[in-house]
Amino acid sequence: MSPAQKTSQVVACVAYAEGRRVGDVALENISEVLKQDDRFVWIGLYEPDEALLKEVQAEFGLHDLAIEDAHLAHQRPKLERYGDALFIALRTAQPDREQRRIAFGETHLFVGTRYVVSVRHGASLSYADVRARCEGQPQLLAKGPAFVLHAIMDFVVDQYFPLVDGLEDSLEALEDEIFNDRISRDSTMRIYTLKRDLLEIKRGVSPLIDICDRLMRADLDVIPDDARPYFRDVYDHAIRINEMVDGLRELLGTALEANLSLTTIAQNEATKRITGWAAIFAIPTMIAGVYGMNFRFMPELQWRWGYPVVMAVTLALCGMLYYRFKRSGWL
Amino acid sequence: MSPAQKTSQVVACVAYAEGRRVGDVALENISEVLKQDDRFVWIGLYEPDEALLKEVQAEFGLHDLAIEDAHLAHQRPKLERYGDALFIALRTAQPDREQRRIAFGETHLFVGTRYVVSVRHGASLSYADVRARCEGQPQLLAKGPAFVLHAIMDFVVDQYFPLVDGLEDSLEALEDEIFNDRISRDSTMRIYTLKRDLLEIKRGVSPLIDICDRLMRADLDVIPDDARPYFRDVYDHAIRINEMVDGLRELLGTALEANLSLTTIAQNEATKRITGWAAIFAIPTMIAGVYGMNFRFMPELQWRWGYPVVMAVTLALCGMLYYRFKRSGWL
Amino acid sequence: MSPAQKTSQVVACVAYAEGRRVGDVALENISEVLKQDDRFVWIGLYEPDEALLKEVQAEFGLHDLAIEDAHLAHQRPKLERYGDALFIALRTAQPDREQRRIAFGETHLFVGTRYVVSVRHGASLSYADVRARCEGQPQLLAKGPAFVLHAIMDFVVDQYFPLVDGLEDSLEALEDEIFNDRISRDSTMRIYTLKRDLLEIKRGVSPLIDICDRLMRADLDVIPDDARPYFRDVYDHAIRINEMVDGLRELLGTALEANLSLTTIAQNEATKRITGWAAIFAIPTMIAGVYGMNFRFMPELQWRWGYPVVMAVTLALCGMLYYRFKRSGWL
Amino acid sequence: MSPAQKTSQVVACVAYAEGRRVGDVALENISEVLKQDDRFVWIGLYEPDEALLKEVQAEFGLHDLAIEDAHLAHQRPKLERYGDALFIALRTAQPDREQRRIAFGETHLFVGTRYVVSVRHGASLSYADVRARCEGQPQLLAKGPAFVLHAIMDFVVDQYFPLVDGLEDSLEALEDEIFNDRISRDSTMRIYTLKRDLLEIKRGVSPLIDICDRLMRADLDVIPDDARPYFRDVYDHAIRINEMVDGLRELLGTALEANLSLTTIAQNEATKRITGWAAIFAIPTMIAGVYGMNFRFMPELQWRWGYPVVMAVTLALCGMLYYRFKRSGWL
Amino acid sequence: MSPAQKTSQVVACVAYAEGRRVGDVALENISEVLKQDDRFVWIGLYEPDEALLKEVQAEFGLHDLAIEDAHLAHQRPKLERYGDALFIALRTAQPDREQRRIAFGETHLFVGTRYVVSVRHGASLSYADVRARCEGQPQLLAKGPAFVLHAIMDFVVDQYFPLVDGLEDSLEALEDEIFNDRISRDSTMRIYTLKRDLLEIKRGVSPLIDICDRLMRADLDVIPDDARPYFRDVYDHAIRINEMVDGLRELLGTALEANLSLTTIAQNEATKRITGWAAIFAIPTMIAGVYGMNFRFMPELQWRWGYPVVMAVTLALCGMLYYRFKRSGWL
């Protein structure tokens, strides 16, 4: 691998001691650095190639299967334990403003007692911010890799809140449309699209509940006892997003049914209107037809006032019908 | 912080001994008061700022994460245990009569063996009433903070009953409308709104079941054994509200479907009516058309009684049709 | 309390020994009676006031919370254990023939090793029959309060069978209506009402499953081992009613959808009929219109056989259309 | 009881030793037979009266409650343990070809270490075949009553396969109808009936899963260890039927919705056709009307070619409309 | 059995030692081969007859029930343990391009510490590829039969991915159709067919989750500890397919409802269009009718400009109506 390539794939590789940054390390020197007992390293990779992953694997003795998983994207969020080390796959989500949809990515984490390796794939924000924030809380960073893991998970989960809020706004806009008599093919399509987005988000978030639960409870070496309450925080957020998504799904279902119901009501009203106007128009047509007949002996036709009287009667009948339909709400 | 501000945020801060009020305490003197073994303090805060929370945190040695949660609203109801202390988040609900919707707030509680701190956010009644009621039952208040916790939870849960009753009344009004042939766009919208309100209420109440269950069963230092049955009471209320909400949801779903069904039936009836009247009107129009033709040789036209006979036949046909449609229920 | 009032509230208060009735006891003398080790008392109350409940509480040392619950109706069915004693709330159901709906009531039971107190509220049959039946089986009644508890629960659960059977009959009547082309607004309304009744029944019965399960399994002093299989019987009945209710709910949902589907089909048929007749009527009207035109040069008009030929052609066209619509099932 | 009656109720009563038939036994002699340690008896009863059941009860010391259950039909499938003995209720199902529905019956089994008593009620095949098959496998029958129990359960479960296959065939016939434009009231009714049958079958089969599970796992004296895998077989069959039923239910639900959707589409097409033909007919009617007016000064009327030109224009307009509607799929 | 038949049924029978192929073995010589402790054999059969299965059974001492299951197809996926050996049934799936549907088959596996026997039925790819791949990883194959089991399960599960992807593509094509106003009977039918395919796939995949879970966790002799993480991989894949299927099912349900909703909206639009055009056509027809009356005294008829003025007014009215309908979106 050329050093340039490597640089683009290795976003950062930093050693920490007692919560403070010690300095950047070259991948090759990691084992050197870890000889000092109080140190741990935090490596950030972006779409690494196989060679780089092999190097990292050799450095920390990671399991073959975990490395295989980290190389391929399309993992579902999961937590796996290989001996002392943990492998965690997360699903990240970013709004893709151009295409008006949500872009998903993945982050895979290898966490040992002395190292954290994060591997990003696809749509995903850089963890530079997370690193900066961690470095700003040395007393917490001193808890080691577990705290870094928490910080990244917290960051990933928090990306879902604006997305779900966005979907809630979309639903409110839809409600406005549906209930204000602006039914259109488009509303139906948007309900469908919202549902699809919600399913995607749920797929990314709901496995986190179980992952956090295991991080909080299971007896894992890399999670010291005083770090556990922090995962409870991530757990709470995941549950909240999950609940919001479930609530939205149920409302969307109801919105779709309400939409159908309102369309049928509108249909009903249109039908009544047809009936009404058809009846009103049918009267003069029928009467005119009668007096258009060519019978030789039709006394009315000879009558001086025949025409105006028939017209007046016709108008009166139409007016009466109109009034009755209006009153019963058909027109 | 100015003393004025503090006063508005600290609603009450009172010490109790053996179930009786000992007197108001200044925040600064709490540790002094708690030197006496038989005392506990009950502090009520309303939307406190960070400085005040820090002060309270220092006084009782509360956990950072709990304080962070208490400062931010938007927590889902939860119970967390930090060492000996409990942190409980509750969702309060108040009818907002002006906007015809339900306003939600939050109450966060820190409960230790010698203190209770309640922090209110948003729409929420003052706990002055709860305090008065507790002080009126000194033999129960003597059980300490656990009883105060119970009293507040009971108070919060009981706020949901009138709300759910209100929604049940709304559903009954809707049923009346739907089944009495007064279908309107509005019914559909109200079904939707009811569903949304129910989802909100459920979000506030259903986590309480689990919280109470843990308060009743888990081995928590701050809940003495003889206080546990009291939480069973809150638990029962939460389950009952939950059941009422679930029942309402199922009925609402059925109401929405019934609404659609009835709209379609009404549509059906309107269509039949159109057919009927259209047929009745079509007869004279057609017959008149025939005798309006200009053929030179149309014997009927010359006949003396042609006109009255044709009119009579037409009327008879119309009458027959009307009778048949009436009998088959189309008109 | 006046003795008269008391009499109306205390339905019966009887002492038993070795399965046989020893005799009526006054409330005040209960402790006297219970001094004999082999005796137990069975007290039946109907909507007792607070004073009476306090007296009973004092007699048996019942818990405050249980007494509070027994005074208020609107409990959901539940089993609570206070020390050695059990508090059980049941929901009773009676057909209210006049209002064509189901009336619900409640029975609360306090069961100790030496006493049973039943408290009835609202729509509920008297337990005099149960008492008579128990007294007719002395070898079983000798098992003590546990058997009385079983007898009452069995009696309460068995009240639900005729109700559910009644709802099944109603559904069958509905099916007949729906599938025999007698669709009406009324069917929809009855489906809705059935659903509501089912939800109510389920609310009364489904908690019994859990209650019986605990009575069968939990280690409760008041239930001797040889009495447990009897609760398995009640458990089975509760499960069966529950299953019947669930089956009915699913069928009702399908009936509602089938109703909608059939209404739409009927609508479809009506529409086809309109189209058909409209087309048949349109033909003569159009042709007559054409020969009603006033052009000076229209050769057909002068033709001797113009009129009969045009009429014959018109009739033939109408007949052909009628035949085709008939064959394709539109008319 | 007369001996004749008894004979008709006692279908068979046979003793077995080491997997081989020893010979028929009279009910009275059973205790005699069982004195030999290696023997067990298998009794088959059909709708026995109370006296006979009492006799059997006395012979084997069965529990009162189990005997009561065996006398009454309408039990749900269940497994109950009374001391060493098991009481098992099964639901049998037979196609009732005449009424085109499924007839259900019940079989109750008492199984001890030395006896099996089967009690049949209602629609149920005789177990003579099962007995013959068991006797043909002496090495298995030597496992004792547990194997007989397995053979009967296997026989009962296997009766459900052809029934479910029949329902699957019905669904396929329905699919053919629905998707080949032969929508009718009848399809909807058959979907409904299928759903009801499925619910009935599920009620008979799904409790078997739990029953087999307990027979496989629980520590029951009457089931020797080497007989357990055989119940796993029945368990598998019950699960498979259950899955088939669930799959069918979901498909039926979808079929009902698809049916509605297709009806609405058909309705849509009919409506478009009306519009199309109405428009085509309206053109000549309108034009003819115009030239039917009696104005003195209408130059076209005097024109020599007025009539043919107007007719040609009218036909051209109609043809154009027809072509456009045809192209857009409305006709 | 003729040797030719046998050859067609026995696809391969190979012995392995330390992860390397030792050579083909005749069925009869297997016991000979297995005398060497480090060897295991892997036999591949295709639709074997009973005689062959009996031979294999005798060779490895397999349980009667497992052999019976392996002979019959129509097993649901399951894992059963007979002593030290495992019996595993899998459902394989292959696209049947000709019939545009999915063809299902079955693979049954007998796994012992020293042997693997795979039995294929119906639509199923040969495991020659799997064998080749295994032989290419001798270090893994050295883990013995457990690794072979993993390789086959992995291969089977991976066959489902392209199928589910194909269904996702079908759904996308459907969405395009539905939301681009190309509603047709065909879309509804395809939604239904997709649903049926999904149910079939789910039936094949979802039991794998439980099977893998047991292979990962249960204490099974044939699965050495270091082979367990490999089953976690298959487990993950099964869960992912399951989630995709569930997501698709929910989307399909929504698509069906959206389809209905859009059809109703289209219906609505068609109805409005009818109303509109009917009204526009009714105006001239009515007016022409009026002036077609034969009253002697109708001053307009005599007026020189009567005809053009009436025509102009008529056209103006029609134009105005057209404009209003256009603006309100009815035309």
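Letters are used for the chains, namely A, B, C, D and E, taken in the order the chains are written, and counting of residues starts over at 1 for each.
Going forward, a residue touches a chain if its C-beta (ideal position, glycine included) is under 8 Å from a C-beta of that chain, and two chains touch if they have at least 3 such contacts.
This is a predicted model, so every value here is computed, not measured.
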Both-way neighbours, i.e. chains that touch subunit C and touch subunit A: B
Same or different contact residues where subunit B meets its copy subunit A, judged by the half mark: different
Angle, in degrees to the nearest 5, of the Cα rotation that carries subunit C onto subunit E: 145
Rounded Å distance, subunit C centre to subunit D centre (Cα mean): 26
Centre distance in Å when subunit B and subunit E are each reduced to the mean of their C-alpha atoms: 41
Two or more partner chains touched - positions in subunit C: 257, 260, 264, 267, 271, 274, 278, 285, 289, 292-294, 298
Chain-level touch network, classified as line, ring, star, complete or other: ring
Footprint of subunit B on subunit A - complex, ascending: 175, 179, 181, 229-230, 232-233, 236, 239-240, 243, 247, 250-251, 254-255, 257-258, 260-262, 264-265, 267-268, 271-272, 274-275, 278-279, 282-283, 285-286, 289-290, 292-298
Residue numbers on subunit B that touch subunit A, as the complex places them: 63, 65, 75-76, 78, 80, 82, 183-185, 188-189, 191-192, 195-196, 199, 203, 253, 256-257, 259-260, 263-264, 266-267, 270-271, 273-274, 277-278, 281, 284-285, 288-289, 291-294, 298, 300-307, 310-311
